[in-house]
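Both complexes shown next keep chain A, but they swap its partner, so chain B is in the first and chain C is in the second.
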Partner chain A sequence: MTLLLSPRRIGRFFMSLSGLGRIGLIVSLAWVVIALFGSLLAPYGMMDMSGGKVFASSSLAYPLGTDFLGRDLLSRILYGARYSIGLALAATVIASVSGTLLALVSTVIGKWFDEIVCRIVDALLVTPSKILALLVIAIYGSDLRVLVLTAGVIYMPGAFRIAHSQAVGINATEYVTVARLNGESTFHIACREILPNMIHPMLTDFGLRFVYNVLMLSGLSFLGLGVQPPYADWGSLVRENLSGLSSGAPAVIMPALAIATLTIGVNLLIDSLAVRRRGGARG
Partner chain B sequence: MNRVVLRMVGRRIAIGALTLFLVSALVFFMASLLPGDAAQMALGQYATPETVAMLRKELGLDEPLLLRFFTWLGGMLSGNFGISYAAQVPVKSIVLARIPNTLMLAGAATAASVPIALVLGIVAAMVRGTLLDRVIGVVTMSVVAVPEFLLATLAVLLFAVKLHWVSAVSVNPDVSSVGEFFKSYSLPVLVLCCVVVAQMARMTRAALVNELDAPYAEMTVLKGLRPSRTVLRHALPNAIGPIVNAMALSLSYLLGGVIIVEAIFSYPGLASTLVDAVSNRDLPIVQFCVLFFSTCYLLLLLLADIATIVCNPKLR
Partner chain C sequence: MSTECLVEVADLQVVARGDDGAEIPIVKDVSFSIRRGEVLALIGESGSGKTTIALTLLGYARRGCRIAGGRVAVGGIDVLAAAPAALRDLRGRRVAYVAQSASASFNPALRVIDQVIEGVCVRRLMSRKAAREKAVGLFRALALPSPESIGERYPHQVSGGQLQRLMAAMALMSDPEVVVFDEPTTALDVTTQIEVLRAFKRAIAQFNISAVYVSHDLAVVAQIADRVLVLRNGEIQEEGALEQIIDAPAHPYTRSLMAAAEPSCRLTEEDTDQSGKQPPLLEISNLIAGYGECDRAGMPSARVLDDINLTLRRGTTLGVIGESGSGKSTLAYVIAGMLAPAQGVLRFAGKPLPAEHRKRDRDLYRRIQLAFQNADKVLNPAQDIQTILSRPLRHFERCAPKEVPARVARLLDLVELPSSIAHRRPGELSGGQKQRVNLARALAADPELIICDEVTSALDTVVGAAILDLLVALRHELNMSYLFISHDLSTVRSICDDIVVLFKGQKVDACNPSTLLSQPRHPYTSLLIDSVPEMRANWLEETALRAKA
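This part shows the complex of A and B:
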């Protein structure tokens, strides 16, 4: 996995994607930039109520209109990107890293340990995860750390399944057998022989899991159980402006559209990556 | 059905029952980690320790944890679901009226989405690689990838605010005539359908395409059969197992969707009860609802697996 950041490599990578994939890549990167620097780009503060008019439609001063308190919606969305993307990213990192490492350890140790871990993960995989997330929130409250940890644990079994099937396949190849016969340590085999070959499929899976996390966390916020005021992610923005729905205010739709562009963008990128890999294998 | 099939189905049912038991243990023990218990909750924070201890004894909360778990589980099985913290009435009286509403919503969505999804999936598989297939692919992917509340708000904006086809955002579950039924249920069912149809159509297409890649499907093309006959007569019967499996799996998406839809349309179903109870931290209601939805979910997974087993011709 040598995705070095030289301009030519990036250019070649970009050109190898399909048209939809390029759109997806650009949209996803744009949102990440906004999540990092959104507070600098925002024309108004997050709590700035100088707009006056409630549920105003878009104007030059307020490009996306104002919300239920007369705050600039564009600024609220730019600030909210941090929570929507940041929390989902953190949860996805937890899920993917712990799933990959657990799969690696369990494959290398093998035998009864592998069997037990697989059984437990299988049991976790068939439990209705979203409903259990509601249970956790009912017990521990909607703390940001609780949310991230819960989402991470919920999507770990899926990542483990993918990583495990990869690891088992690689573990059975000749070069790993040779490394074993050479008397390499288990640690060396796991980190130097198996892990590097698992990274690529796990990155694709990372994107997919990120989409799941964005959807679940924004869904929780929409129900009022996720990010709590004064902080707001895009799900909370939809919720707080719901009273403008019957008058057709843009404040209800815009944050939801922001989520949609992000998740569809990532999906397009992943689809295109999958097609690219299949094409590469054939050619 | 021969003995092998019966044994596999029986094994699958046993695994399902075991999973349900584990989920219920999780539901009970996670709640018991919480400081303060039902007695404390019922009496409020100004109660003296003596009265709390007395009520605790009365409710059997001083028993060992494991014993309480089995008492609780027995209560769940026999219809004694505990007392709501917030309303101080039995959970049963709150949830029982709401379950039919949610089942009605889910049932209507299922009845509407299965035929649409089948047709879409089959058409996409038949015209594989063409523009139509790609359009169906991108549209269904987008519907799966966007949050349910976007679909719901868009539907309300379009049909209620702009076109005035349906009146209000809130839904009245008591309907007497067919017309009223459509007026009340069309929007929530439409939103639920979108999610489920997209998921089902994608999986149906994948199952069919998988069959069409097999050598026998190529043979039917070489024989000069029409594509529709190849798909409907040769590939479809072989894909029935995976397709039924896909349908049951997609229906489990209803569980997630129904929570959002009930919230946005303020529909008096079990899912909105669950959301209210979670924000009030009314644990007995949460526990019951979580168990109820988990049971539905596991039943659907069970159905999916049994469909795969029964439809597998190798086991006949």
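This part shows the complex of A and C:
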């Protein structure tokens, strides 16, 4: 969203954040840039095993050391960012957009339709999400599309619940009543009166949901069910280098640190978005 | 009464941190003193800093505010310099606070008595048993029904007026020297307000309390205060004894406050003459409506309106008055089509009005517009004023798309707002401005009838009076008809041609403003008339005598 705004508004947006929020924004943006251009920045190829010894500690040639096959870890993390961030982002977009739209439609139509949709979503909500993910992957195999769709479906009910409570609240406000009394179309009420007023909390929720997705996809990869070798996201980097833990190799710590900085950075950003002073960039 | 000063405030300054981080002064150089046993009223419109000043007596500034300078002394203690422990002792024992909304101040999960005595028990000022006995004594002093057992109830089991008195009892538990009353009767109906005022006044005399009474209503203040401080924008406009402020206000602002509170008739004689000759616009006969499931006869389980008949003539204003729960808002919903009545016939401009909203056509939607009470929630915060006002113009095709900006400018002009406001959002407007935009949106549809549901109730007296003037001006200019719903008899009296009194869903009385006072009325109407405070110092005592007689 922010990238689409004019430079002046980006500046205003930045100034409206708290100190921690600015740190979060810089960290998150840095990771997004790495996800986009990581392959160009990487000093070695992803599969380049030409280098030094296995589980080396950091040196000038290998800034973050090497992994269990002697590959450069920095390059592996830079390549892995694309999977970790890209997959989580795609899954979160699916979850948030479908959840918001479904909530909007079901609230505006109301009555029995709303009731049915809510119960179905509740059923999804009480299903243990990790086990459902394991089940789906066990049935359909570990394909990237399956991963993204599964993560999207699993996190949709949460987004739906938040969007639904927002929409129900706005649906009962007087300005929606006035629009209804004037005989406005359902489409107008949904898109003009309700949606703009619930988009802000949903953007905040989007950030939070993104963090969950990063963690869950990393967790699946750690179990060996996510991104398959030789490609690797950060979760699988932790898993494949686990044998280096006893020797204190940085190869285990560094991808874990990458996950931690990304999640903390995004969290700081969205926390400050929630308490941001009014008058910054809105929409 | 001794002449010793109990509270002394000198050169008080309070600042608030604005959006851009700059500090804005909201209270400027305010100084006053209160003697023992004296009641000082702080009066002014919202944003005048009256609550902020009252809270400084407890050494407290609301979030985002800071006490920047001056001196506040209560009984010789410098409140602003006091250590946290001393401040806690001061708040618990010497200064007490009664908030505006008692229902929001009680914990709904605990019994009333436990909350009333909590303060003194936590501070170990007295044992639980002694505290309960004292509380019962206070309940009796505040004229609460069945004082022995009312404490055992939960907050939702007592009425709003009773809860307000229970809160006063809570404040009086520790025998405070100063009590701060923050608009304690503003949220109450007039008939309840008078009981609460009477109880407060007696308690103040009985316990010889010094008090600060914050209010925007001069007539209420006239019943309870000894001295009055008139505030505006955080500055003192005028200070004086009650009689002097009421009988001979010196400052122009005080005079404008008095004028706004004065019940005046805004209609000319010509209006009254004309109104009788107009054809009927809206006729309602034998209307029954309510909520809940219907029984076999088609009657709802909770009947809110019972056999209502009324007629609104074109170009006139029909006032509907009643206290909360009388069904007056339900009447508005039925006419607007939000609620289908169980029985009864509605006729609009000579034709039957379909009961259900979706059976009406778009032209009917346009001709009947509804203006709600709460201007904060009635305008979409995500749209600017231009968008809000142009929507009905486009939707009802009132003008060519090219002319929309010009029409919006005219609408803003009609409700006396500057056209520069068109590009602002509702959040940037004041309460009065939002209510004007709300009316402008209703006018944009070129309606024949505007249902005004408590449009001035959430506004200050001065701002509300300006809205009433606007309604009358629009009526003259556009021959507009209004159904004016209110709980406030004096506003209804000042702009309506006919008045209908609702009581528990039934129409108990109908009259016009001139016969309202001159003829004997239904007992409930008389009670309403007698409950509206008049701006005289001894009105409260006189009504008590009249009630006994």
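The criterion applied here is as follows: the second predicted complex is superposed on the first by the 272 of 283 C-alpha atoms of A that agree within 3 Å, B and C clash if a C-alpha of one lies under 4 Å from a C-alpha of the other, contacts with A are read in each partner's own complex, and residues count from 1 in each chain.
Methods note: a residue touches a chain if its C-beta (ideal position, glycine included) is under 8 Å from a C-beta of that chain, and two chains touch if they have at least 3 such contacts.
Just so it is clear, the model here is predicted, and its values are computed rather than measured.
Enquirer: After the superposition on A, what does A:Ser246 contact: first (chain B), second (chain C), both or neither?
Expert: first
Enquirer: Please indicate which partner A:Leu132 is in contact with in the superposed arrangement: first for chain B, second for chain C, both, or neither.
Expert: first
Enquirer: Taking the superposition as given, does A:Asn267 touch the first partner, chain B, the second, chain C, both, or neither?
Expert: first
Enquirer: Should A:Leu181 be classified as contacting the first partner (chain B), the second (chain C), both, or neither?
Expert: second
Enquirer: Chain A residues in contact: does chain B have more, or chain C?
Expert: B
Enquirer: For A:Thr173, is the partner it touches chain B (first), chain C (second), both, or none of the two (neither)?
Expert: Touch partner of A:Thr173: chain C, not chain B.
Enquirer: If we overlay the two complexes on their shared chain A, which of chain B and chain C does A:Leu41 touch? Say first, second, both or neither.
Expert: neither
Enquirer: Please indicate which partner A:Pro196 is in contact with in the superposed arrangement: first for chain B, second for chain C, both, or neither.
Expert: Once the two structures are laid over each other on A, A:Pro196 reaches chain C alone.
Enquirer: Mind sorting out which residues of chain A both chain B and chain C touch, each in its own complex?
Expert: In the superposed arrangement, which is not itself an observed complex, chain A uses no residue for both chain B and chain C.
Enquirer: For chain A, which residues are in contact with chain B within the complex?
Expert: Result: residues 20, 123, 126-128, 130-132, 134-139, 141, 211, 215, 218-219, 222-225, 235, 238, 242, 245-248, 252-253, 256-257, 259-260, 263-264, 267, 271 of chain A touch chain B.
Enquirer: Quick one: in the complex, what on chain A touches chain C?
Expert: Listed in rising order, the residues are 173-175, 177-184, 192-193, 196-197, 277-279, 283.
Enquirer: For chain B, which residues are in contact with chain A within the complex?
Expert: 19, 22-23, 26-27, 30-31, 33-34, 138, 141-142, 145-150, 153-154, 156-157, 160-162, 169, 252, 255-256, 259-260, 263-264, 274-275, 277-279, 281-283, 286-287, 289-290, 293-294, 297-298, 301
Enquirer: Provide the residue numbers of chain C that touch chain A in the complex, in ascending order.
Expert: Residue list for chain C touching chain A: 19-20, 336-338, 357, 360, 362, 365-366, 369-370, 372, 374, 377-383, 391-392, 395-396, 427, 441, 445.
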